[in-house]
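Reviewing the structure listed below.
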Amino acid sequence: MSFVEYSDFIQDGDVAIVYLSHDSMMPVKVQQGAQTQTRYGVIRHSTDLIGQRYGSKVTCSKGGWVQVLHPTPELWTVSLPHRTQILYTTDIATITMMLELKPGSVVCESGTGSGSLSHAILRTIAPTGHLHTVEFHQQRAEKVAMEFKEHRVDHLVTVRNQDVCKDGFGVTGVADAVFLDIPRPWDAVKHAKAAMKKQGGRVCSFSPCIEQVQRTCEFLADQGFEEINTLEILLRVHDIRTVSLALPDFGPDPSAQTPPDANEEAPPPTSAPNHTSVTLKTTTPPREIPGHTGYLTFATKPRT
Amino acid sequence: MSFVEYSDFIQDGDVAIVYLSHDSMMPVKVQQGAQTQTRYGVIRHSTDLIGQRYGSKVTCSKGGWVQVLHPTPELWTVSLPHRTQILYTTDIATITMMLELKPGSVVCESGTGSGSLSHAILRTIAPTGHLHTVEFHQQRAEKVAMEFKEHRVDHLVTVRNQDVCKDGFGVTGVADAVFLDIPRPWDAVKHAKAAMKKQGGRVCSFSPCIEQVQRTCEFLADQGFEEINTLEILLRVHDIRTVSLALPDFGPDPSAQTPPDANEEAPPPTSAPNHTSVTLKTTTPPREIPGHTGYLTFATKPRT
Amino acid sequence: MADNGDEDSQYKIKEGDYVVLKRGDIYKAMQIQPRKKVIFEKQWFFLDNAVDHLYSTTFEIMSGGTLQPKKPKDTASSNDAKEAGTDNRNIVDDGKSQKLTRDDIETFKEQGLKDQEIIQQLIENSTTFRDKTEYAQAKYIKKKKKKYENTVTILKPSCRILAMMYHGREPGKICHLRYDTLAQMLTLANIHAGSKVLVFDTCAGLVLGAVMERMGGYGSVIQMYPGGGPVRAGVESFGFPAHFHDMLHEFPICHVNPLLAGTLDTTAKDPNADEKQSNKATEEEQNQPKAEQQGSPEERSMETNAGDDAGQEQEKKEKEKRKEAKAQEKKVKLEEKRKKLAAAAALLESRNADGLVIASRFHPCPVLMGLLKFLSPSRPFVVYSQYKEPLIECYTKLREHGGTVNLRLTDTWLRHYQVLPNRTHPVLLMSGGGGYLLSGTTVAMDRPKPAGSQRVEEPAPKRLKLTDTEG
Amino acid sequence: MADNGDEDSQYKIKEGDYVVLKRGDIYKAMQIQPRKKVIFEKQWFFLDNAVDHLYSTTFEIMSGGTLQPKKPKDTASSNDAKEAGTDNRNIVDDGKSQKLTRDDIETFKEQGLKDQEIIQQLIENSTTFRDKTEYAQAKYIKKKKKKYENTVTILKPSCRILAMMYHGREPGKICHLRYDTLAQMLTLANIHAGSKVLVFDTCAGLVLGAVMERMGGYGSVIQMYPGGGPVRAGVESFGFPAHFHDMLHEFPICHVNPLLAGTLDTTAKDPNADEKQSNKATEEEQNQPKAEQQGSPEERSMETNAGDDAGQEQEKKEKEKRKEAKAQEKKVKLEEKRKKLAAAAALLESRNADGLVIASRFHPCPVLMGLLKFLSPSRPFVVYSQYKEPLIECYTKLREHGGTVNLRLTDTWLRHYQVLPNRTHPVLLMSGGGGYLLSGTTVAMDRPKPAGSQRVEEPAPKRLKLTDTEG
């Protein structure tokens, strides 16, 4: 197991994702002799996990069962222990494409936060790229560095615990792409430019408030960035439902029921088909959905 | 005919809406002896319109036909001669409800513009309400006043040609609701407050840019307005389509086709049902849709 | 309202009034009844003290559940977040950031501390508050406020407020009809004073009430209702003046076909038919929750009182008496009902209604096709459905059938904004969907032709290309 | 790219390169070919002069269609609108506001005035420009710019650029797959270097190219293609280095069932089967547009040259010769094709692919059910459809069939913003829809049971309540 390479079987030391339902997954560090408690009962790592195939069904002690999945950045994003607001897959996917990330890309990121985006970047730039990620908060920087190790991607990433607005990314002229998710991104625009290759590259800033966007765009333009483009993307989930709709009863319809030669009284029970209903497949949106995560501002650094 | 009262038959002097298709309608002033040119041919008012029922099909000179509809504020909005950017029905509907307009309401509006919203307001506040509408641009004020007359709603409206930011609405303490669609709405907030009843009321400002919204909200709060709430509403049209999807051909499927005792060669023509397709009803969005009209900011004026 | 009347009586809360309680974004409709215990947002209180105060007054809930008008607040509360850290990188998540315990807070409450004061205490005792971003601070305050606030504002009901209330509290009761979708319906159907409008509403009567508000007592509204009796709870909450109810008619849809066929007897000359009908009516009444039984507030509060007074003992004696009285009452009511039916039938028979509004849990297609017949040509109609598919079916059926133009299947996307200095952004949660609308305009049908030939004539060749886009 | 290499050769435009032309939001993919006339945005020119310049250079189109690198512009052009009126109330719409005539402008152009200069002329000669709101000014400039600009930027292709290009120019060719939806697909399918991915793509090969870019030449991609041959135009436009094509395999889906049944013969021992196959292959080639025939740029440009040189006269003589050569060539090609088929079959047979991506004009349900069999357990898949309904069917089928979890039917809402001082607002037009995705993860199926018994076991009772929400 690694976050950048699939394995078929679960091994001691792996991180596996226990799938309970689409909105309930938990990451588990697989350890010989360890146990994990779920709402369906206990999972014994030695017998239930190690040596099993990823994707297997595991029957828990209470008789319920779960699936054990190979970790991916996306499963990690929905199951990771939150230490900050995190970026979710919809924004991450957009960022990845719009920053033109691919194997070999060198990327700078700040802040690292809970590492939700970092994992997705690492997946995309492996095996030959590198991520330089800067996190101001020491505890978080240490925690995420440990996770990179556990997820076997530490060879692809350098974590720096410093203030990006003051100290920059710690590298110069190497990055193909820079990502900013900090309260005052404009203060890091110069550092972003310095970190990037002289031949150019792409930058993205994520900010919840429009004032941050306005200021960042100004600074980007001042620093000679081009193709500055702000966008917003929202995910819509469609829950699939079978619904039943009642049919109205308009009462006996003489025009429909009596052929011209049938003059006797029509039998009342059949004439009014009392409130039957029809069934159909449809989708409904969740009652409430995320209405905003943040604005994504992209720009191109030209050759300098 | 009037924009606030239905009639059954078309009369001389009416304004009727000629319906060509859902995205092509034209308002016509019905006049004894007049003619109107459409892409389906000429309509002769005396014979084709006057005395006909609203909703009738009229055959034009070229043999094509159109429907002649009774005017409503909504049909007017999609067919009126543009003199400015206008408000469309989706925003208008929201404004009407959120301003709590109803028969008897007294409303102030600026700018009048092309009168798209004005007609919807008049429809809702008739027969006992009144609209005070202020338009800076003299030509436009005159034009719209004439239209109100032609549409037989002039008894419900007073048009003023003045600068609302300098001169206000020309009335004090009478309005239940105020609507602002001007470049610097914050300059009119005091006037809006002055125009409103001391017991309170509702105000709405429509602005395309967020900076206008920010400034207006500040001024509204400073002037003691409450429940300040900004929202955005977008219409999505679903075009109904019948589409055909091809079925893939995975080649002869031995498991599906050969019962255990059928050992002869399976006849090839039937085994691969060459690319048939299925048909289904669905909806598609238009390729491009309005992504923004403006932000609507609502607030309540408390008792003062 | 056109007058600039200064007398405030219409702005004062009166006993028997239908009002709406409000705290933050939470609304609840209510009638002002003496000594009636009200539960709102997990707090109980009495509304008696609110009487004679002005609408839109905010009250504090005092001990014993009495209300006391709140002093006008000094400044906007949106500036609660002060001294915000620029980001939250210094916060250590050790679970110890709040020094106050649950018990401390309970003690504050017992000491009678006001909500604002408790929140202030919480802020002052939070070691991390000042390090949080404004963003996080605002969230924190909101959460705490919700927990410890104890004020309530009493509002005069309106379509806007009730539509938002239903959507927020009980969307299931109104088929998830969002307030802005309701707004579209009223506009698309050109609802206005003086017209004759058909309404088919199983959304608690909210749509019916909204239509009535927009008609201001002028014109007529015919509520077409399915078996089980007309639903009116939502209409009551509007607290309309009595004369509004004069324009309201009702007609059971099970009589639609007989009416159209000319076989509906509303003269009560056939005792059998009448009996059957009356039985049905009684059943319906019995099947309904109390709140939906009566039209006017006066009647209802009387009944409630009667029920409260009745003891448990004298029952048997008076049972006989009441039975007789009831039979008589029933007779009167039936006659009333018959008259009402006859009146509604007369309105429908001319088949010249000016608008049709449908919002129900029924399949909209048969409902629409059944009721469209009652409209004049060149009149708008609008159908709501929580789901898109049934409206596709309506569209297809209408295109086949002819007699309508300007068909559009739409929904709306609605998002609210937080507008604060340097913290402006869309609200983080939004409604997932407000339901779908099919709207259109009736036109004169071609002269009745032998069945089958009609469809052929419908789209003229040169317009064929528009068939699908037309909508 | 991990190296900080300073040599610019990889950033230079070379003959034979696949490039993208850009002006404003308009993109067009192109190959650099000598003396080839290119038409872009109604202007024609030659790309020869661009060779050896750096990618991302903006060129001016000079008379005679030659390109000349543009001087770096002094400042951002977003400040064009100066001295804006606060609103447009003073504007009189008399149709006379522009003093320049069409002829004037043509004269300017003949005089060789640059686009910017012409626009400046237009602005200066507009009596109303200064009275317009900034809003209206921006619109005016944009309109004029579009009309008179004559620059073009040459970009190195990338998934981002090509996806935006196809969506803007030819959405029909890619089933209206919007670029952000493609971005979701690549992420949801966990596309990365070193994995084995199945792609079913009738979107001009754009999706296939996007997958290949993300795999960076590591691992294998098997293009499953329907009758008619694999579509590759989109892949070519990426201009991948030659070794990328080593990881690309193709397999006709009409061989899927035989492969699964173990009846597919890839050893060519059956001459009949081989013949049939080869005929099919030839047909396919002939049915394809030229651009889609060949994999590598070198081959292709050679062919093009050959075609150009051939005269009209010597044809007959050489016909025979060529026929023979062709027959030989055909044989070689067939053998190649057979080998490729065998290689792809071998990759598929192990049924352990790491990902599946479907985006096509076919009904996604049978495609998905047919190809899902080739995945290992615990691997992601994603299906695109322009319409929602077919994906509902997929979902239902998958739930019946078992073997997948984490199913989600989604789409995305995308809006761009104009961010300018005091003029910030969402862009006035947005895409109506980007299509729908169904994504999920495979899991191990329960051991094969006698047909029919399988379904019963699927959802354990305690999880039944999740059945519908699960997704």
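Quick notes
Letters A, B, C and D mark the chains as written, and numbering starts fresh at 1 in each.
Everything that follows uses one rule, which is that a contact is a pair of C-beta atoms (placed from the backbone, for glycine too) under 8 Å apart; a residue touches a chain by one contact, two chains touch by 3 or more.
For each chain, UniProt lists the protein as follows: A, B = tRNA (adenine(58)-N(1))-methyltransferase catalytic subunit TRMT61A; C, D = tRNA (adenine(58)-N(1))-methyltransferase non-catalytic subunit TRM6.
None of these values were measured; they are calculated from a predicted model.
Separating the centre of subunit A from that of subunit B, both taken as means of CA atoms, is a distance of 38 Å.
Centres computed as Cα averages put subunit C at a distance of 49 Å from subunit D.
For this pair, subunit A with subunit D, the centres built from the Cα atoms lie 24 Å apart.
Looking at subunit C, one finds that residues 388, 413, 415-416, 424, 426 touch two or more other chains.
Among all residues of subunit A, those that touch two or more other chains are 210, 236, 281-282, 295.
Chain contacts in this assembly form a single closed ring in which each chain touches exactly two others. Chain pairs that touch one another: A-C, A-D, B-C, B-D.
The part of subunit D that touches subunit B in the complex is made up of residues 86-93, 133, 135, 171, 176, 226-227, 253-258, 260-261, 263, 361-363, 366-367, 370, 386-390, 415-416, 422-433. Residues 1-2, 4, 6, 8, 11, 54, 56, 76, 78, 158-160, 163, 179-180, 182-184, 186-188, 190, 192-195, 213-218, 352, 354, 376-380, 388, 392, 395-396, 405-417, 419, 421, 424, 426, 436, 441-444, 446, 460, 462-463, 466, 468-471 of subunit D are the ones that touch subunit A when the two sit in their complex. Within the complex formed with subunit C, the residues of subunit A that make contact are 83-84, 111, 135-137, 139-140, 182-184, 208-211, 236, 243, 245-255, 272, 275, 277-278, 280-282, 284-295. Interface of subunit B with subunit C (complex): residues 4-6, 8, 19, 21-22, 40, 53-57, 64-65, 67-70, 72-75, 89-90, 92-94, 96-98, 100, 102-106, 120, 123-124, 126-130, 173-174, 176, 197-200, 210, 213-214, 217-218, 221, 228-242, 281-283, 295, 297, 300, 302-303.
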